[in-house]
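Before anything else, here is the set of structures, which you'll find just below.
Next come two complexes, and both contain chain A; in the first it sits with chain B, in the second with chain C.
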Partner chain A sequence: MSSVVRTRVRGSRRIAGDWLLTLPLSVFFLAFVAVPLALLAAISLHNDAAMTHAGLHQYARFFSDSYNRGILWSTLGLGVWTTASCIVLGYPVAWLYVSSSAHWRRPLLLCILLPLLTSSVVRTFAWVVILGNEGLVNQVLAALGLIGSPVKLLYTPAAVVLSLAQIELPLMVLPLATALSAIDPRLSEASHALGASPWRTWWRVTLPLSVPGLLSGTLLVFTGAVSAFVVQTLVGGGQLMYMPFYIYQQAIQSQDYPFAAAIAMILLVSILVMVTLLNYGGRKTKGFIHG
Partner chain B sequence: MANVAAARGARAAGMSFRVTMSLIGGVGVLLLMLPTLIVLVTSFTSGYSLKFPPPGFSLRWYEALVFDSPEIIDALTLSLKLAALATAIATVLAVGAAVALARRRSLAARVLDSFFMAPLTVPSLALGLGILVLFNLESAGLSFYSLLAGHIALCAPYILYTTSASYAQLDPALLDSSLCLGASPMRTFRRVVLPALWPGIASGAFIAFMNSFDNVALSLFLSDARSEVLPIRLWHIIEDSLDVRAAAASGVLILVTLVSMLIMERVAGLSRQFR
Partner chain C sequence: MSKIDLDRRRIVQALGALGAVGLPLSGVIGNAYAAESLAATTFPGAWEESHRKILLPAFRKATGQSATLTASQAVDTLTKLTGARANPPFDVVMMDEGPYLIGVSQGLFEPMPTSKVPNLADLPAKFIDPKGLGAYTSGQVYGIAYNTEKIKQAPTSWNDLLKPQFKGRVGLVGLDSTLGLVWMVALAKMLGGDEAHMDPAFDFIRRLMPNVGAVAANPGALGTLFQQGQIDISCHYINNVESLKAKGVPVALARPASNWGLVRSTMNIVKNTKMADLAAAYINTALSAEVQQQMTAAPYFVAPTNTKVPFGGALAQIAQSSSELESFVQVDWAKLNPLRAGYIDRFNREVKV
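Up next, the complex of A and B:
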């Protein structure tokens, strides 16, 4: 009897993890994620479109031209500005969520989730409607008598940042709300009892403790902003060029696969550098908080 | 006397903190909702342009969408088919992997987990270009299946993530009791593990479906000349002509998203996945 029980219990460990169950997804990811990315890297290391000569020519070509470097910088700048705006707006929204009563939390959370789940083409389209020549902003400015004729708002870098900040905001608010609600409320009470003002408590106690949430939010928003093809093309228009559309243009319109692959690799590596920096920062702050 | 002044100062500081945070937070929540509402209102316009506020209200663009936009309806059908198939296949693959990886702390498990999460970090344009090159190399050419392959890779991480989170909350004692009471491992999996994982699986599948349905970057590289998915169709319309039918199509998408989100919230507790 007891041996039967023992074998069955051993069986439970097999349910909890049968390595074979990871096999189908591993094979699929090997074929359609790892191999494609390796191919991309290999193609980018070829000098000509026929792919007969290996070399670093595509990368030299990218970095030697100031036009290309400008595209890289403006794409990364887009990521930085969007992330900064999301932090400034995201903390108060997360605070509002955490400090509201249980009754209000669920509707508030659904307000944050609805834009996240709505199609990004639709959300981008909303900004085209708002910022267009006959859009809300121009109508309001004209009604106030501030402008005579419509101001060009669409197709400017500021419009791209504004739309991206709104579209990526839920991805900053959610990790921040998780981080803020995990903080022991007695810490702020202690800070208050010891005479610190709410502002001081916020800067010295709450904010440092929420850094893990801030880092994961930053990662999500930055990655999303630099690769947001739809927003960049629709709100940015034809004149503003960013890395994702540049990849598309070189691959599909110019059929220059090695150069397109090199641009894709440069974008990918910039994102990976950012991820590594944030992970490093995360380890540092953890040490700081516990030490 | 000094104490009273200090207390008043402290209260003022407390007020200023609350007022500032509530104001910016309120602006943030408004900013989250407003654009969607504006599109919804604009879609009922009676005019020919995307003027806001609209000159009058009518259902004409919805009628135009339903009765004489076969290309949008075709794109919608393809997108629904693609998202449903990609989600279904990704769910089978990812739930297996989530169950296998759950509670493992080894290096191999962590490496595999990051590998499966890669499509969330890698720009989908880069992944799309890579898969395009792969299909060209195999001279398989583009078809519905190249599109499907890309979308499965896109869907899997979401389902893996939410399923793993549900598994982490499952009490291991339940598994042991089921097995001790004589249930076979397979029966335990079906009767104990799956019911406990179901909210996580359902929420993950829903998020994956919405992401596949929404994806432009992968589809741009991976669809053949004849098939066009809905987001790309809308992207072309908005880029070229700013046709008001795009607003009507957006209106439909917003309402469907809202209704399905509320259903998922009731059935599977969707919002719990984000806490």
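Up next, the complex of A and C:
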């Protein structure tokens, strides 16, 4: 029996066999991602909540209203700000990790991964406690005599960006560290030898070579931030509206499935556009590096 | 001995162990199916806790059967039921008034076999669905919750929330929740409007906005806001206020001049259930005087619907009997439901920062 299997694997059907291995995942993907997505798209193409008339009304309704467009922009803006914060905060950490000795890498890696090891609900509640009117930040500021009455920190867009940046940071640092450690150290040595300053070396050699890591990190952080329902709702409160909660509200509370489906499709397409642009940017930089 | 052989032996051992574990396990699963556990829903939080502690043991005692409890908000339950009409995931569900009426209009519930629910006799007629599609098993009272340390003089009216001294201290709860909606209707009624004429309530909110410190996404978050000193005054349910009090938070509930508000919840038998009789027995247990009596006690303070249950503890300061509950501010959900989506949308826009 086993010899038969072995011959088959060794034979010309090996490639076909490899494809066959992806069959379970393909079937799973088809049944639980592709089909539901098609259903979602179909639901969004109905003009009324009872789903009796087909049409594009829900999309027109979304885009003709500045309130809805505002929600889309602030959601995408949240993704951009979170990604930018993660790059600014994460690049030095990734750099430190790559340039430190093997002895220090282990504790550093643990520190980097720490946010991923606690539940996102717990981390989010921690931010709610820290940023509240009687929270850590306000108490410290008041004790130092810097403020008379509490500053409003919680339920502001900045608070959402801050807590998302902390939660998503490992997803930026890890691909960055991988990309940075793959860079041949002799390249920067050569740059130094040719008279470039450390900053110039970083700007002209290291940064362009770390772009692939930066791009995959951006992809992970951006998609994570725009769809972070729990953080957006708990830290953002009831006055800040983002797309994920809007979808939930329209589907579950207002029982308006077509509109909710349309919002979901619009969010999906917006993210896809961002991802495509990033991939395009990635290909451009590769050309730049090799050219 | 080669490494492969060793591995093979381990695999055989592991398989044997699995089989040994699996045998009794399959027995357990088989038994569980044989016992036909009833699938019921409850609301998350204190509701789930009270139902596990009080309702489930009473149900087991009364029927000798067990029930599996799933915590699910009424609107979420509604979605789960409409998603699987022919083969519903639950046999009996707990609903808020609004979602219950939507369920009735969508034909999701089955009439209760009244002979199997003798405790219906102890309920005021108003607490039973006219077509027998469910019964009100409990009520929750809401009023003005306030921080007793920061607000020395107890508020007496919803209008007190507009006082300039509460600038940045008032909490709101979104219209996504039942509490947010019923409070808006209570405001409208106080100001001469009703379910279909909510302009006075929205006007009130507009004037209130300078005082609003935070808008909670749900009633649970409202409690957190009190706990953290983020807000000092808002509408809230008595049981949430009492449970905050028990945790040492300086908070109390005051009666608005326009009267207490009441939110009722129902239990309904789901259409196409295979255990209608057992579901009826479950509702009967929930309606029994013993269970409702225990639910009125600390820390739950659930208002009973069974007329035989005396009002004790914190509830006694609010009402003396379930017929008195009838006089509290209530909402005509049949009128409100079709307008709900529009009000949610309007609220979104008007409280936006």
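For this structure, a couple of remarks:
In this text, the second predicted complex is superposed on the first by the 271 of 291 C-alpha atoms of A that agree within 3 Å, B and C clash if a C-alpha of one lies under 4 Å from a C-alpha of the other, contacts with A are read in each partner's own complex, and residues count from 1 in each chain.
Criterion: a contact is a pair of C-beta atoms (placed from the backbone, for glycine too) under 8 Å apart; a residue touches a chain by one contact, two chains touch by 3 or more.
Owing to the predicted nature of the structure, the values given are computational and were not obtained by experimental measurement.
Steric overlap between chain B and chain C is present once the structures are superposed on chain A.
With both structures placed on the common chain, the touch criterion links A:Gly135 to chain B and to chain C. Shared-chain residue A:Thr178: touches chain B; no touch with chain C. After overlaying the two complexes on the shared chain, residue contacts for A:Leu154 are found with chain C alone; chain B is out of touch.
Touched residues of chain A, counted separately for chain B and chain C, are more numerous for B.
By the touch criterion stated above, A:Val33 is placed in contact with chain B alone, chain C being left untouched. Using the contact criterion defined above for the overlaid structures, shared-chain residue A:Thr233 touches chain B and also reaches chain C.
Of the two partner chains placed by superposition, only chain B is touched by A:Thr223; chain C is not. On chain A, the surface touched by chain B in one complex and the surface touched by chain C in the other have residues 128-129, 132, 134-135, 233-234, 251-252 in common. For chain A in complex with chain C, the touching residues are 49, 67, 128-129, 132-135, 154-155, 233-234, 237-241, 245, 249-256.
If you check the complex, the residues on chain B that touch chain A are 10, 13-14, 16-18, 20-29, 31-33, 35-36, 38-39, 42, 49-53, 92-94, 96-97, 99-104, 112, 115-116, 118-127, 129-134, 137, 149-150, 152-153, 156, 160, 172, 175-176, 179-180, 182, 185, 188-189, 193, 207, 210, 213-214, 216-217, 220-221, 231, 234-235, 238-239, 242, 246-247, 250, 253-254, 257-258, 261-262, 265, 270-271, 274-275.
Touching chain B in their complex are the following residues of chain A: 5, 8-9, 11-12, 14-22, 24-26, 28-29, 31-37, 39-40, 43, 88-90, 92-93, 95-96, 106, 108-115, 117-130, 132, 134-136, 139, 166, 169-170, 173-174, 177-178, 181, 197-199, 202, 223, 226-227, 229-230, 233-234, 244, 247-248, 251-252, 257, 260-261, 264-265, 267-268, 271-272, 275. Chain C meets chain A in the complex at residues 75-76, 78-79, 102, 172-176, 213-217, 221, 224, 228-230, 340-341, 344-345, 348-349, 351-353.
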